[in-house]
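Structures given as structure tokens follow.
Both complexes below contain chain A, partnered by chain B and then by chain C.
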Partner chain A sequence: MLRYSLNRLLRSLLTLIIIIAVVFSLLRLMPIEGYFDNFDKMSPTQIQNKLTLMGLNDPLYKQLGRFIWRLIHGDLGTSTRYRVGVPITGILGKKILISFRFGILAMAVSLPLGMLLGVAMARGKGKLADKLGNAYIVFIQAVPNAVYFLFIQLYGAMLIRCSMLYKASDLRTAILPILSLALPSIAGYAMWLRRYMVDETNKDYIKLARAKGVPESVIWRRHVFRNSVVPMVQLIPGSILMTISGSIYVESLYSIPGMGGLLVDVIKRQDNNMVQALVILYSIMGILGLLLGDILMGIVDPRISFVKKEGSR
Partner chain B sequence: MKKWIAILLSASMLAAMLAGCNGGGKQGVGGSGRELAPEQVYRTLYSSESSTLNYLYSTTEVDMSTGVNGTMTLYSSDHYGILQPNGATGYEVSDDGLTWTFHIREGQRWYDYQGNDKGPVTAHDWVAALRWCIEAANDSGNSDSCFPIKNAEAYYNQTSAVLSGQTPATSLTLEDVGVRAEDDYTLVFELEHATPYFLSILEFGSYFATSQACLDEFGERFATDNEYMWYCGPYIMDQFEPQEIHHYVKNENWWNADHVYITEIESKYNAEAGTLQPTMFLQGEVNETGVSADLLSEWQNDPEKAKMITTTRVQTNYSYFWGFNFEPRVTDTDHNDEINAKWTIAVNNENFRKSIFHGMDRKRALGVSYPTNADELMINSLVPPGFVAHNGRDYTEYGNLAALMKDDYFDENKAKEYRDKAMEEMRPLLQAKGYDFPIEIVTQYNGSSDWGQECMVIKQQLETLLGSDYITVTILNFGSSGFLAGTRRCGNYCIQKLNGGADYMDPETWTFITEPGNNYCFAYDTMEKYEVNTKTAETLAIADEFFTMQDAAKAERLDIDRRYELFADAEAFYIDHAMMIPYRCTGGGYVATTLDPFESPYSSCGWTYLSYVNQHIYTTAMSQEMFDARLTEWEKERAAAGKAAGK
Partner chain C sequence: MSRFSVKENRANRLEEALLEQIEQTAAERDELTAGEIESLDPEEFETVPYSAEGAERIGYSNYSYWRSTLRMFLKNRLAVAMLIVIVLLMGFAIVQAYLPGQGTRGLTEGILPAQGPQNAIRIYNWPDGTKDAGLPMKNQRPSGAFWFGTNAIGQDLWSMIWSGTRTSLIIGFAVALIEAVVGTFTGLLWGYIRKLDFFFTELYNVLNNIPTTIVLILCTYVMRASIPTLILAMSLTGWMGLARFIRNQVLMIRDRDFNLASRCLGTPTDRIIVKNLIPQMVSVIMLRMALAVPGAIGWEVFLSYIGLGLSVDTPSLGNLVNTGRAMISAPRLRYQLIFPAVILSVITICFYLVGNAFADAADPRNHL
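Let's turn to the complex of A and B:
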């Protein structure tokens, strides 16, 4: 497994370098007006000064080389437009922590609830629990979340008598954003687990177990659930890691100063250093998430192996 | 003499502030008859985060609130728009207008974000600010506001050359730049040439007091956070969590602290502020909210909510106009060449321009966003009425401009007359190139629904009036991303709603829109983009005469009446030839507020309007009736204050 992991990591590194080079080059194609707030009133000298200070007057290969050299030394640089002159690590450090905290709490709510709902729906297929669960899933999938997020914020705040906006000093104000984050995930987990479980119950080995008189509870717990959860397990590390990217809409609605929408914001502001840092961060998270998911799947399901067995093709 | 005037003005300002505070004598009631809120804490939402708190560096509104409320300018606008002593107690100007000596207010102190004393405020603090701004390596957006100072521009160019690795043409030192502290409380500016509007430039970031000790202590991190700057103004920013909260507390030691009534300002970030703020206002969580056009009718139809909305005061800091593009480079259709070729012929025909000029019903178009007050916002000049006055006479009352201010330009008969003439003159030119009428007029907007509707109104109205066999208007939604770069600046339009803002209190501040080299309408002799000049000799003759008139106005620096007259004549000449269509000034939107907007500083340039000095919070919202009454009262008081101040 170690060799497999190292191999995957090396290939991921290559992918990362290609991503950085492409994004870095594309950002340099942006119109220069975007680097200025007062472009119309600036003299050519003022414009050139800023471009020089941002290093944008150097040839592309020099800029890329300088960026990678700094990166190797752990320096992501400073923000040039989002928060001028502030080290990027400082900006991201605070935000990541906030989004991660909300994301992980939402996951702690949604994962068990989603799984419970999925199991209940699969076990009661076609019955009331399944119908109610399906109605919930269809509602969540069909109604744009902006609608029910606003509804939850407006009426939820009145119900629990707290501010509509998040305040770190008032824990009650964290309830509604966590609930908003959890609702779509609950539907997602429930839908997929139900589907995998229903698929599993139709397989021959389950029919055989039933024919042999294995108790239903054992069939569901030991066979159906355990085999159905394997494909979901693969997604869990990625989901945990990607909680740091935050939620654009929920964070915006509740004034949560997390990562949600940050990438869009810095692209709009043409803060090249911030965009590069975020692309690297998200790429690493994506790559790591996939790798950890595969490893975890191998651990959960002993049938999965990372080495070629004799006779395998 | 000027010192005495300054003292009298200070006294009148204090008297006016006290009157505004007590609303005619009754304790705890404001000028609008509302009761003062027991807790003077201002709560609001903001949706756009500051990229820096560095007021010396930034030129954007969202970044400047900390500078305005946390430090001091030498002079700042009061609630009538009259410049009043702030960090200075008075000034003298030499007879040639070149040397300005300011007397700095004694007893002022610097404080850090926790309120710890960091030493006295002295004249050296203004020297430090200006020197920081003209150092090219600091990349200050405010450097150009320092250029009236002797050698400031030369020093900036010198440091720019060094920055780009070139050999500088000069070898100036900071001592050669015309700003010095003669002693701790005497500040002297020497100017390149007489600058009648110099006092109004002092409201820009480069003239905000900044301690050199503070700059030295924090270096590159200066004002990147509230902890990395010092405060000497009416408020201290004690909390700054980006995309979370900006919190200010009153600086009890500020010289005019008696007129700072709001004791705390709590500004919370919310990207959806526009959506949430109306609800939060109704729930009492914020003190102010904009009421967008789509919410307006709902609020107006609700008896309770209707009492809470009012229009806002018209502002003169921005001017909007419809620009004719004299160098068309439309790229967003499937027949760009035809559009550009036909428009080039059309825009160079004065009768064609005049048919649009008189055919556009601006009031109807404005009614989309301003259903009840389009009249107040519509303007007939580029420099908005009320922007600047001299001895009580408004700039728009000078010269030939005065005659243009009387009536709406919209005139159906005139428009049709000009259309008929234009068709006769243009048809042979179009046919010679293998084209014919109608002229397709491409106009772009940035995705804003109000702007889109405005364009639609203009399209329908112009096509109906002038006939779709004469013109067709094509509306393109460019989207907000890179809008100006992709439309106006590269000439990707035929006519478009454009705007520009004022930097100082003088008609010259608007000339960047029309002067040679501008990227608004390209009405000057250039062949940068085309092999053939898209301007005809007739158009260039109009442009050249206008530039000569404008240059003559700029050269008149001492006789203000004459200066205004020359500028007004030049502007009238430009409008008379339909080189642009003036449209509207700013303000006029709808709000619900528990403040009194007439207590806040009023200024058409600089940043003082972001100040919270002299404002109160009331228990109830201001109604339209209250607003109208206060506006009438304020206009009278302002005219009197302007006369007294010689404006």
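Let's turn to the complex of A and C:
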């Protein structure tokens, strides 16, 4: 187990370093306006001086080394356009908390609901519940969420008679964003759980249990459900971590001052340092989520080991 | 030892009881009534003389993969209907710009002489045909002249939406095609050439860790959005899933007996790949392609939304939805959001369902 985790950790670190290098080099290709808040008013000498001061005239590998060194010390640089001169970590700190709160609430809604739906669909396979659930999943997966989020905002706000935008003082305004965040995850959880459960019911030991006359409810509860929940565990750390990054759509739709809206803001203002910091932060969380998911899976399911898999000849 | 074990004893007893039961039922079955014997065809009991032809005949069914696929697909009424909708929509999106009266409806001839795809972004500000007449025809609600109304700067939404549909479908199909070709090709290399396995596996492990959102945002942020850059950015990540699937399939099928036999008979590798391997993967390749189209359209909407999409002089469903979104607080102007959103949803749902139905139909395990 320890060897597996270490191996997995090393791979993730390697991936992360590659991603940081690529992101960093790509963003050096951006026009230099993104490093100044008053580019038009500056003379070329001033610009050059400031670039040298920021270390942007150094060779790329030196800049990259410095960036990683600072990153290890928890320093993501300073914002250049969004909030001039403010350290990025300071800006992020508050925003992460807001996004995290929304994300966790949405997860608290979607995980139980998604599981209930998944179980209901698997138990009534081919019946009405299954068909309705499937229609829901197809809808969520096929329609771009930009579209149905808009309509939820539009008609939801009319229905519960509150402002379309989120206000910290009015708790009702938090309902729609949380609903929007939860809807796709419910579909995701339900789909996976249903699939795992249906797979499980086709296994021989379940047939044997039926043949032995184990009551149906016990089969579902004790055998099918428990075994199908195990692979779901893999999804959970990723989902929790991803709450930090916030939903780009939902947050900017409801103007929630969180992380997701921030990315859109800094892209529109072309704040190079902020974009860089956010992109790298998102990648870190994506990688960390997969890593934790795999390690958790290894803890929960003793069959998993990191020995050379069969088939990879 | 075992003879005296309780378990063995019980099993023996069970077995005996079972055999007895079977014999009994068999015996009962055997007694045909006189009527039944009467009704039997006497020809069935005649001895057939030896025939060389008959001895050579082998069991054969007229099974054809594609015919069965088609039959299974046609059974799914909903998917067929959706397919028809897709074909109609696509056909109309292609010919729309060349139909008479497009973009000139309600306007005096002469201002907008040329018909063609570029017509959509023209601004219809001059209702009576002269530029000086002032009064811009902006935010006109849907009417006989402008079926879907006009937008905030006086562009005809009908033309814009069809032009946008073209753009979005072009992006979708290009991405799907690149994904299928690159994915299949790399997958075959990955599976067939053992030396490359390590390289591709590690590459996959690295690339698969990067969220698609990040790749898209980064690419469009650095390269500026245009149709080719969007296609490139979306194709960068999509092929990997398919490649991995193909690789696993190749590893599984490559050394099966029928391929071994094929190789022993001297079939060249490329023929084995094309004739023996590819047909087994058609269903998944097609599914991937069908799902890549709505996926790409959805990503395009997303990128427009965060301000990294196509500029407004290239209409796309993404930027139409996005401009329509600005009208969300004015109930009178909501048609500007609803029309593109509905078309967009119809397209994506149709592709999704048709893709899934086709994949089900193309899976030989469902051919019964």
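One rule holds in what follows: the second predicted complex is superposed on the first by the 257 of 313 C-alpha atoms of A that agree within 3 Å, B and C clash if a C-alpha of one lies under 4 Å from a C-alpha of the other, contacts with A are read in each partner's own complex, and residues count from 1 in each chain.
Everything that follows uses one rule, which is that a residue touches a chain if its C-beta (ideal position, glycine included) is under 8 Å from a C-beta of that chain, and two chains touch if they have at least 3 such contacts.
Predicted model only: the values in this text are computed from it and were never measured.
**Q** Which of the two partners, first being chain B and second being chain C, lies in contact with A:Gly286: first, second, both, or neither?
**A** After superposition on chain A, A:Gly286 lies in contact with chain C alone.
**Q** Quick one: is A:Val275 in contact with chain B, with chain C, with both, or with neither? Answer first, second, both or neither.
**A** second
**Q** For A:Met164, select first, second, both or neither according to whether it touches chain B, chain C, the two together, or no partner.
**A** After superposition on chain A, A:Met164 lies in contact with both partners, chain B and chain C.
**Q** Quick check on the superposed pair: does A:Leu26 touch chain B, chain C, both, or neither? Answer first, second, both or neither.
**A** The answer is second: A:Leu26 touches chain C but not chain B.
**Q** In the overlaid three-chain picture, which partner chain does A:Leu128 touch, first (chain B) or second (chain C), both, or neither?
**A** So A:Leu128 meets neither chain B nor chain C here.
**Q** With both complexes overlaid on chain A, does A:Leu154 touch chain B (first), chain C (second), both or neither?
**A** It touches chain B and chain C both.
**Q** Between chain B and chain C, whom does A:Val138 touch in the aligned arrangement: first, second, both, or neither?
**A** A:Val138 contacts chain C only, not chain B.
**Q** A:Ile72 contacts which: chain B (first), chain C (second), both, neither?
**A** Neither partner.
**Q** Pick out the shared contact residues on chain A: the ones touching chain B in one complex and chain C in the other.
**A** Chain A residues touching both partners: 150, 153-154, 164, 252, 268.
**Q** Along chain A, where are the residues that touch chain B in the complex?
**A** Per the touch definition, chain A meets chain B at residues 31, 33-34, 37-43, 45-46, 48-50, 52-53, 57, 79, 81-86, 91, 150, 153-154, 163-165, 251-253, 255, 257, 261, 268-269.
**Q** State the interface residues of chain B toward chain A in the complex, per the touch definition above.
**A** Those in contact with chain A are residues 45, 51-52, 54, 57-60, 136-137, 139, 141, 143-144, 156-157, 160, 163-164, 220-221, 224-225, 241-244, 268-272, 275-276, 279-280, 283, 285, 481-482, 484-486, 489, 500, 503, 512, 519.
**Q** Looking at the complex, which residues from chain A come into contact with chain C?
**A** Chain A reaches chain C through residues 11-12, 14-15, 18-19, 23, 26-27, 29-30, 138-139, 141-147, 150-151, 153-154, 164, 248-249, 252, 263-264, 267-268, 275, 279, 282-283, 286-287, 290, 311-313.
**Q** So in the complex, the part of chain C that touches chain A is made up of which residues?
**A** Result: residues 194, 197, 201, 205-206, 209-211, 213-214, 217-218, 221-222, 248, 251-252, 294, 297-298, 301-302, 305-308, 321, 325, 328-329, 334, 337, 341, 344-345, 348-349, 351-353 of chain C touch chain A.
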